[in-house]
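Same chain, two partners: chain A is paired with chain B first, then with chain C.
Right after this comes the complex of A and B.
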């Protein structure tokens, strides 16, 4: 792998010019959103601002940003390293509960502790600064990620999915029963922890520019766009940079062929564990952002299996492995789940005189499930696929088919993959097949398929 | 069952089961007006059994036809995600108010007949009377019939089976139908035992059932039965035993068993280890 590094560097150097392109673009988008809701919309006339506020309320934007953090975290595990994780909600929950432990009025113990907290010093309970809690939760979740990752190292595919799912359920059940863990009340059980501190604004609040505490009021929500946007930006930055580095390339190698990667000297154990740890770190931050910024309360009922699947759906919908695709997928789905379906219902109501406003959001599970099935059938690689993922998702996974002892499955599947390919690709393959003087149509397809794969990977 | 043949965890299976419990409940209570279950209610019971098995089989076959069939040559992630999507759809449908609602629904069904030491004799008899013939029929189908032979061949090697003139698609459809029908029968039994329906039952029980299957060894009928029994015993010990953690933790206990098993003996108690080929 180190031998390939100079070549990669040389290839990357022209792009260095555009190094600041995405951060600039991203900052522009977030600032635009902020000013849109902070100053532009309130000054506009009602007919203009009302539809915008109805279709895209500030609270929904914040939720979208929070989900984007989670989706980016899961993208590291599923998209980069190819480890299917169906229990991602565990990290989100632990992050949320860390916020509950460190930023709330105590539910069972009696001590006051303040650390750079924006709330008044006389408030009882533990109150730690939002950013510190983010780091603590991230580290805690990374450790939990290692704990979850360690026993699953030998598993792959379905078994891995199942065990991670099991872990997710165990963590949720732990919090559900947490009012009596060996007699101690750890996290208040079913009701959960409420009245978690909102995010503080520090110097901005002191100067009077922003509200001191970003509560769920209108003003607070607008400023939260900046805070959550910053968090998402950090996550995007880490995701992009880590992917270029040695670790990211090791993940991709692992995803594409675990055996080949280990033969090439990728330390499987370390790389897999790091994938879980990094993904979990993001999940923890997402949990704090949710608990402190969005709901101001955590309870076990919010952390069900459906949430894990929702995050996974965001990753799959956007395009596994592609940071921008995943971010867009997260925005789209959390918007649909939060506000979009209701608005679409309202729109259809006004056109057709039906009564869908209340009923359409009730079908969110059905619609999300349908979306997932349709995506898998017709656009498996996601909305904005990564070129490598696209090739991978169209091809069968070689090691798995062969480890089952069905080597010939591959040839058949490749023929199928060729049939799915675009017309130009078909023409190219046909040409190459003719050039190779393929004996029969089936053989021609098979050779064309493997040539095409070599080309793309 | 389905897993053994096409190597796919059917996440939607549990939710299919859940839907059939609702169908059974609706049919028996609302349509046929069964209130107290006595020897007289054997006819409605049979009718519900037939309808639910047909319903489960039909739903499973159509899911296979519409979705899984097209994904057979795709990487494993795709059918897995499709199954998760289907499970979401089933859950979503069950959550609608006119189907079951998102809360647990108790049906006005009581058990009649003699009671011996707190056990309803009819209930026990009915479960045995349905389960044993079904198990025998399954064993017969898998081990004796031509279709069973085709199923085993497809499980071993799809391409080999195709070359031998076996209709692979038809066989897999049949397996899905069979699996769905069994889920339907289980749905009726579950409803009659619990007399309540809930949209989340499927996921919970499906995971426990899968743990049982893994415990016994995948694709091994004896192993599945032994695994199911031992999971049941573990749960009972956990909930009722002196050193158990109580029913609040039953799911965690099952999953921790699953995880420990996966780590130390992934092939199950009766399974044989598979080696990985390059």
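Right after this comes the complex of A and C.
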């Protein structure tokens, strides 16, 4: 044991270094984007800065970051615990409305309450600090998650998906009718709540470095990159940490074999509820970020079923279970959905003289659906898959392999290797191809062994 | 330990005639290997032996009391009582469809018994959920291996420690010193267990990439991570060659002697069972038809009939004695490999 320990450590240290590559990359990207839009682009001449601003406006970056929070939350439920949730929009809505209740001018009640809020103290209405509202909304959503989950999580697979779909719709309908819940105006019904406080910058604003309030102005939007980037960072951090602990293991086990997990002492309902609650917590934060940072208003029409599907698409396309894949999936899809399609349309228009600028964004779900079909055909495991899922999608399991003939498996391994070589010069993929070829050889050996056993008996 | 004499239960099987109380090593040591036969009973063993005045609930690690399971009109298990004494290796056998696995599932909590009760270390666990039973020390393996294929061997074992670990969501996110220590200890324990079952080198391998034999070992390591009082093994030697299955016998004894865990085996391979068990219970069509030492079972007319058909049609046929290699006729599940 003592001899093995240093060897194991030595094995681990390169992995440790590799571990910081993604987080460091993320921080670098956020800081780069901030400085690009804060100081570099304004100083450049228009021909240089205009295309950048057209293809990737600051507002779009912020939207991407907001969607990433949601995708990371759904990833806990779908990617980690393997529970299909089609009503995730419910938590996003409740988060948004929490912001509406705690950070807006009054729509029904005359009650002035200020708590660390950046808005002027004379402003009427309830005004609570953005970060506090994030926590409150997260906790509220987690509780809603428990309430929704407790009766439904006993269901399996398709049934769970259907019930969550129903709950997503119920929440929207609740807010649609919220101007008269037993006579009380709870959330102003169809028009919703508008003019929600923007994010405050606290000490940075006081020092004059940043604007005091991050409104939807050019300066405000640039600083929102940092705020939302920080929120996404926190969500990534929490996702990664939980994944490595006791709960994360239980989720993975649950995803793979519910029965075996329960037989190993994993309390299924409790663990599923926790997945739901953590996912809902992120959803609540995403809701606040959206209401306060992006739309500054919430209304029921914003929380339709399509949004649940969009978040699910981000998770699936990005790579279920892989935090970085999901983040990138969210960036990509929300960019396409928000600004990318329009720009592609503009580009095609200028080349072909068509009029796609307006129509392409309207076909967003057709295009995203097509993208999903293509992904399922050519890269089922997602853009940046979790190493485990990759193993599942690309390699037959050893016991499966052993029940096949050795020749057919080796042939399969070879074709697999060719496909990989085609895909890219990615060293990791090449390594997996090598591993695959190796497993083919190993399986061949094992099959030989079992054949020998058969002969003997 | 409950001292109450349970008159109604006292009629149940006493094993080997040796009085046993939990935590009594002398009593436990009284359980000999199969060949040191104690109080051999001739002829069919009756379901109810004379009362000896010992409370079977208190005397056994696991005790199933008059279990009946009905699925609709079908009675899958009919009034079966079953005891696992401390530090013992006992078996449940029977032809296919005898109700072995159904009974096993009642013990682990997957099925609810229509009638009867299950006791673990004197506690009534009849209404306890499967995952709680597991946490209380009832560990099992699966007939068709059910590992978490996309998790590493180490993680598989660590999943089973879930109920022993305490870290909550917040302490995992913050990574408190306590949580770190706990994780480190869990990891060390997992490695020790993998070493114990002989697959220490596979720590970082995905379970699905292990060989069949190693997967079976990993299942046992995972079950042992629950710190079980009783280890329930469902057809553990299926697919093993004679050498592997001989090693397996030694391993089971090691588990019993070194860890003090009682082992229940479900098998339909007679040869394995005869060599390994101290005590055998035979089920046929849901009912217990015999119980006793391997020698008793070997000579039991009812068992022979259940496995080989009525005497007279195949006269002189005997179940294989240890060490012999007989291939049974079609109905018999014995599948001796010739080395």
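By definition in this document, the second predicted complex is superposed on the first by the 365 of 457 C-alpha atoms of A that agree within 3 Å, B and C clash if a C-alpha of one lies under 4 Å from a C-alpha of the other, contacts with A are read in each partner's own complex, and residues count from 1 in each chain.
Keep in mind that, in the parts below, a residue touches a chain if its C-beta (ideal position, glycine included) is under 8 Å from a C-beta of that chain, and two chains touch if they have at least 3 such contacts.
What you are looking at is a predicted structure, and each value in this text was computed from that prediction instead of being measured.
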{"item": "Chain B versus chain C as contact partner of A:250, first or second or both or neither", "value": "second"}
{"item": "Touching partner for A:278 - first (chain B), second (chain C), both, neither", "value": "second"}
{"item": "Partner chain in contact with A:177 - chain B first, chain C second, else both or neither", "value": "first"}
{"item": "Which of chain B and chain C A:259 touches, first, second, both or neither", "value": "both"}
{"item": "Chain B versus chain C as contact partner of A:376, first or second or both or neither", "value": "first"}
{"item": "Contacts of A:305 with chain B and chain C, given as first, second, both or neither", "value": "first"}
{"item": "First (chain B), second (chain C), both or neither touched by A:161", "value": "first"}
{"item": "Partner, of chain C and chain B, that touches more residues belonging to chain A", "value": "B"}
{"item": "Contact residues of chain A, present in both the chain B and the chain C interface", "value": "259, 392, 397, 399, 402"}
{"item": "Residues of chain C defined as touching chain A within the complex", "value": "108, 110, 129-132, 134-135, 139-140, 142, 145-151, 155, 158-163, 165, 167, 169, 172-173, 175, 179, 183, 186, 191, 195, 200, 203, 206, 208-212, 215, 222-223, 225-226, 241, 335, 337-339"}
{"item": "Complex interface listing, chain A residues touching chain B", "value": "84, 86, 151-152, 154-155, 157-159, 161-163, 165-167, 169-170, 173-174, 176-177, 259, 305-306, 309, 312, 316, 362-373, 375-377, 380, 392-393, 395-397, 399-400, 402-406, 408-409, 412-413, 416-417"}
{"item": "Residue numbers on chain A that touch chain C, as the complex places them", "value": "1, 4, 8, 237-238, 241-242, 244-250, 252-253, 256-257, 259-268, 274, 278, 388-389, 391-392, 397-399, 402, 439, 446, 453, 456-457"}
{"item": "In the complex, chain B residues that touch chain A", "value": "7-9, 67, 70-71, 73-82, 84-93, 95-97, 157-160, 203, 207, 210, 214, 248-249, 251-252, 255-256, 258-260, 262-263, 266, 274, 276-278"}
